[in-house]
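In the two complexes below, chain A is the common chain; its partner is chain B in one and chain C in the other.
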Partner chain A sequence: MSDETPKPDELFGKIDYRTPAKGWMDTPVNIRKGMYCYASNPKSVKNLGLPNARAWNPLEDDWKLPENWQQILHEGFKERLDKFRSIKIFMDICVRCGACADKCHFFIGTGDPKNMPVLRAELLRSIYRNDFTPTGKIFGRLAGARPMTLEVLKEWWYYLFQCSECRRCSVYCPYGIDTAEITIFGRELLNLIGLNIDWIATPVSNCYNTGNHLGIQPHAFKDMLNFFVEDIEEITGIHVEPQYNKKGADILFITPSGDVFADPGTYTCMGYMLLFHYLKEKYGLDVTWSTYASEGGNFGFFTSHETMKRLNAKMYNEARRLGVKWILGGECGHMWRVISQYMDTMNGPADFLETPVNPITGTRFENAASTKMVHIAEFTADLIRHGKLELDPGRNDNKIISFHDSCNPSRGMGMFDEPRYVIKNVANNFYDMPANTIREQTFCCGSGSGLNAGEDMELRMAGGLPRANAVKHVHETYGVNMLACVCAIDRAALPTSMEYWVPDVDVTGVHELVANALILPGEQDRTTDLRGEPLPGMEDADEG
Partner chain B sequence: MRTISRGGGRNAQMNFKKKISQHKETIAKKWFELIINSYPAETARFLKTRNDPFANPVGMSTRQSLEVLIDCLTDQIDQTGQDKARSALDTILRIRAIQDFTPAQAIRFVFDVKQVIRQTLSVEHSDSQTVKEMAALDRQVDELGLLGFDIYMKCREKIYDLKANEIKSRIYKAFSRAGIIKESLDDV
Partner chain C sequence: MNKYYMSSLLAVFALAAVAYFGSMGLPWLFGILLPYAAVVVFVLGFARKVMGWARSPVPFRITTTSGQQQSLPWIQQARIDNPSSTVGVIVRMALEVLTFRSLFRNTRMKLHDGGKFSYNLEIFLWVGALAFHYAFLTTLVRHTRFFFEPTPLCIQFLENADSFFRFEIIYDFIQFGLPGIYVSGLVLFAAAVYLFLRRLFVSNVRYISLASDYFPLFLIIGIAFTGILMRYFTKVDITAIKELTMGLITLKALTFQVPEGISALFYIHLFFVSVLLVYFPFSKLMHMGGVFLSPTRNMTGNTRQVRHTNPWNPPVKVHTYEAYEDEYREKMIEAGLPVEKMPEPKVEKPTEEEKKE
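Presenting the complex of A and B:
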């Protein structure tokens, strides 16, 4: 009977499972659908005054590059080696020890060796050696150098947009090489010849024109918040009155527009509004929203240092225009990296503002002495610590919560404990994920740095796998059903990742939880949470 | 031709399956090697050697799931067994469905276990009864493979669903709740 069945050894001998073992330089780039984002819309590129605005398609051979693109890149490289000492050092000192190699969520999830941080950096380093080092010039490939070709350029573009600039790799590098910085630098070079993606270019252009990534105009921004006012009134019986563009207010509040326009961020936004109302009623806190600086996020950061600076400047200009004392920032990720690592030398110091002091507790935020901007998780943690909030954590009892440390607030500004402290005070069920997946070792959501488009879903799911895997563990072990975070991209990206990997887990902002627990003076008997779902024990309240 | 009594058949089947169970570790190891070698060499090395389930979720969950699948081949075929098989296949295929594999490359690992078992238990050199049992097992593996196709397709459909509906379910929903939906969503 087994005549047709090949002998096992025969069969094993024949199967070629592996991609042929070639050196990475000889493995040509294969631009695969689902792994890249669409090219930028020329209208957006033009609007920003960035070079080489034209329609182009990454899958076509001709990328419609300027004739002298190699020269532009070479000169751009040279200029930045002089300008950014960190880049020069990162180009020189890697000993290829491999400690970072398996730490990238995109490598872990895609299994593509070129997503090892060391190889990602090597894409640029090989050109650096060729163009700027004597050994590279003389020994060429022997010294790990290669000339810039169209193939190499395509590889740059493909893999620099498969890095979410999360910095996880840098935590493990004995030399502190930050591959995120290398990606940031590489993307800036690509922008010199018009190679951006639309998910970044168009939000940046929108933000440049109207103050937020979605291009929502001031009146619509206000309409949206007013709609939340109605919702809040229905749920709590309390009429909140947010202040807009108020000159002379104490504090300007800026949050990512995702909180205003996209679920489930909208519930976090309602959370801020309830908190501000509570603090105004009880302690006279004077906070204003701005319909012009209506974006905390900064996709300019994913384009170039210059565009990041332009978008960041508008927040400070608005603070100056309104004459506030300091700025309170919402639950955002990369906005905090921009503030705590770049703002000060880019647009700061913001001397026209005051060092932030919590008017209710008297706490002086020395960490924000120069940037004048405080994260709302720090602010709320401080209020709780001083017993200034009346809370009923039982209202969150149907939520078994874990916390996802967003890359930027954790690795970019060192905020680990404040959000956890807040959650543990407003809810009773909290379980952390395993140690090597949280705090400074946290895994990216998989969609950071402007990669949260729809067309690159395979990439996002692969990048989100290590995070989701840890969520799955706490879901199966402790019954976790809610993943909290302090970042708007997380709130946009994690629900999708959960839907694919761990469908029983939902996503929330921390201030949604805060507002659920907050006991407002004069509130009606609350039967639902901010999402309109029954509070624990109120499941039958409707039928009464 | 010899006839085998029904009772003897069941016995032989039990023995054959018992043999598989006894060699489970070797079979799992070889099977794992095969699936892992569908990745580039550097990746395969990592997937094989890193034993922390959170640092190496692909390698570790694949290894674990293969062990479950071997159990499913040898255990009673009942509802629990089927659920276990489905969940183990889902774990592996959900990952492979988003990686750089064609559908055939993603699923072929299921069928590979036939050769692994043949080789490990030297089936070709065994008595005709064992050969017969192996043929029955082949059919069982084929069933697993077919189930795998269903699961793989479901994962792909989910990906397309997410691609098409993510924006709608996050932004459109918020806008429509607020009644300001007329703005051009194309620009979002």
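Presenting the complex of A and C:
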């Protein structure tokens, strides 16, 4: 964390919920260091063939926009109103009741009124009224309309990249107005004139070329998993053999590349590998990884619908090429939002795959009958329910666990009970956070939708506050020291946010916990968990 | 933000003045022509707006998932809050429209000393909105008695249920002075005033409010207020008014003959209603139609089970596996990864290094 990021107390002290005396239309945007992400690298923008690749700096006056940027935005707006009923309706019917106002973690953490979801949307609505409605044209400001200016554009950019598209606000809206969709739409417009951020554009460009956000080339991908093979062997005495690009395997497994790359996601990755090994030894399950579709995540989703589709296409293409029966997806948030809300529509129908059946239990995953893609928490829950895994939950006894419902699997699909069922079966100490902060009301980690860069740390910590505050509550009440989640961005973002707000809490993926508890045939006496930390009761054992 | 509600308030007063003075000279305009025009604008405007929404497709199935998805058979699904069946969606929509289900979830965030946040249930907006809408509906339905002769039985029932207070009159001469008191009118007035005060005093809500939020509230307060005045405080000639309204509904009013003896107060009331009707299709009041078409709520959340199609799904440029393998083939072979195409055996031209050897 950079030295410029305020200390937790300072950040807390900055929060001020009093509204300014001046109206929001009269308050110009103040682009502040620590609250925004760097502009995109022109190379990445060019590689993707997106408009207006150039170097630019948000802090400078001149954003090097195309001559006719207003016209591009106006026409882009119009085109999308004709393409998305949701946007059209959301532009028209908000009554500004304010039910959504205090639901956004960025508002709670910053007190900035333009982070109230309703005002975030009004930033766009004010232009919509001006450009497309008779009342806006006649009554102007009185009807909440204003013309598009450079000031307004900068405000759009600043606040559309202070929304993590988490959908919490939409749960409370009487009409289901989804500000996340409005942000997605707004960012797509900004992309038309080349206003992106580098933390999104460069991963997208990498993913397009090499198959994953980090730009890991095929041989390196294998090398990285091989490191885990060695670690696993050291800890368990078992030699696992992941398969790559294998034609005719039963199942193609896709997970975000973050799990291959950085702790603590790597332990989750080791967890998958151990689980697949176990299932292969015991039941002959044939799972393959792919180096081409080596990214579950999809930062294209944070760019435009088109870019999302381009990146997502790899999943079905690879499944078809390899001739697998169906696809299994790892623990990732926005990857699952894309799978659940877009994939089949964009890149389906996946009629070359079979309706997923767990060959071990015989369970047909009816809820995935069309996408043909099953979440690994659903898969493992099914295995446990049928008694197919031999488990020793006691190995997780030194972990007092709570579960963070990541926004995407929560409000992008509604997966709440499966991961909880898994955790409760592989560990003995589980405590949920307070009811209004979990499940469909869960708070975002604060860094979702491509905002987990280094330079916007203050924003991320402010946005992470509501989540961290609830964790702190269970930490103080039940001694929770481990926060489980099913999202790779969480595993990258929450450790920082925990270190900042609740330093004694660590972050884990669910399948790390599974693998800790999983009793492998022929394993050595384990003395440590996957992190190399002593198992409960083994604190004094010799480090063989 | 004062200017926002002051301008709306002034606008409503100005409208009242227009009706007051206008109706003196041009009663047919305010009693007949404008109401007709308003109804036409309302109906056409409403239809146009809804058809405009309906014309745009729903490219993706993005629903609000306010509960457990349909999953493994032994996991209890939230069938209404995250419906995967049409029945679930119908129940969800009914609950949204009839009971404002989502608004009932509302919480209020509070930061306590000691740095803890709480998010407790906040039902006042829900209570106020529900009271407002049901009172509005009841008042509206009750008013249909002005358009039927004789008053239908069901309307009479509603009136009886709505009026909590009716003296049995002994003295003939005060009989008209103490009609039953309708709960709905008073609740409508009170709820609208509450919604206004909420906008004024809850600082977040004041900050987001526009003139177009205050205007309809003032207009409705005005309608309720003039209605209450006419019913309980000033004497209006009900017979003449009913003659006018019956004329309107039977189109006999097209002769533009206005019955005598209708007070200015009534014209103000009627003019407010006409303005509301005209304003309706061009404003946020269209949430009445929009709530039914909102894609996040009126669709089943079963995208993974049933494919949703997008009419404009455009083809995109993708980085194919073939191109990928072409780019990395050597490295893949070296790493022992399977490839589709083995490289062409190279025509044995010695490389620089080999030459040296």
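Keep in mind that, in the parts below, the second predicted complex is superposed on the first by the 522 of 544 C-alpha atoms of A that agree within 3 Å, B and C clash if a C-alpha of one lies under 4 Å from a C-alpha of the other, contacts with A are read in each partner's own complex, and residues count from 1 in each chain.
Assume contacts are C-beta pairs under 8 Å (C-beta built on N, C-alpha and C of every residue); 3 or more make two chains touch, one makes a residue touch a chain.
No experiment lies behind these values; they were computed from the predicted model shown.
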So, after the overlay on chain A, do chain B and chain C clash or fit? They clash
### Task
Based on the superposed arrangement, let me know which partner A:F185 touches: chain B (first), chain C (second), both, or neither?
neither
Quick check for you: in the superposed arrangement, does A:P466 touch first (chain B), second (chain C), both or neither?
both
- prompt: First (chain B), second (chain C), both or neither: which does A:D102 touch?
  reply: both
- Query: When the two structures are overlaid on chain A, which partner does A:W157 contact: first (chain B), second (chain C), both, or neither?
  - Reply: neither
Original post:
Looking at the overlay, does A:P113 come into contact with chain B only (first), chain C only (second), both, or neither?
Top reply: both
Quiz item: Taking the superposition as given, does A:N367 touch the first partner, chain B, the second, chain C, both, or neither?
Solution: second
* Just chain B (first), just chain C (second), both, or neither: which does A:F430 touch? -> neither
Item to complete: Return first, second, both or neither, reflecting whether A:F77 touches chain B, chain C, both chains, or no partner chain.
Response: neither
Only one listed stretch of chain B (57-65, 111-119 or 165-173) runs into chain C, and it is 57-65
The intersection of the chain A residues contacting chain B with those contacting chain C is 12, 17-19, 101-102, 108, 113, 116, 223, 434, 436-437, 466, 469-470, 473
So, in the complex, the side of chain B touching chain A is made of residues 34, 37-44, 46-47, 50, 52-58, 61, 94-95, 98-100, 115, 118-119, 124, 131, 135, 155, 158-159, 162-164, 166-167, 169-171, 173-175, 177-180, 183, 187-188
Given the complex, residues on chain A that touch chain C span 12, 15, 17-20, 23-24, 49, 81-89, 92-99, 101-103, 108, 113, 116, 118-119, 122, 133-135, 139, 141-144, 167, 170-178, 181, 208-211, 217-219, 222-223, 244-247, 291-292, 306, 309-310, 313-314, 317-318, 321, 339-342, 344-346, 348-349, 363, 365-371, 373, 378, 381-382, 385, 410-418, 421, 434, 436-437, 439-441, 466, 469-470, 473
In the complex, chain C touches chain A at residues 1, 4, 7, 49, 52-62, 64-72, 74-76, 78, 81-82, 84, 96, 100, 102-103, 105-109, 111, 115-117, 119-120, 125, 129, 202-213, 282-284, 286-287, 290-291, 293-297, 301-310, 312-314, 316-321, 324-325, 327-328, 331-332, 334-338
Note: in the complex, chain A contacts chain B through residues 1-2, 7-9, 11-12, 17-19, 21, 30, 32, 34, 101-102, 107-113, 116, 202, 206, 214-216, 220, 223-224, 227, 261-263, 266, 434, 436-437, 454-455, 457-458, 461-462, 465-466, 469-470, 473, 492, 495-496, 499-501
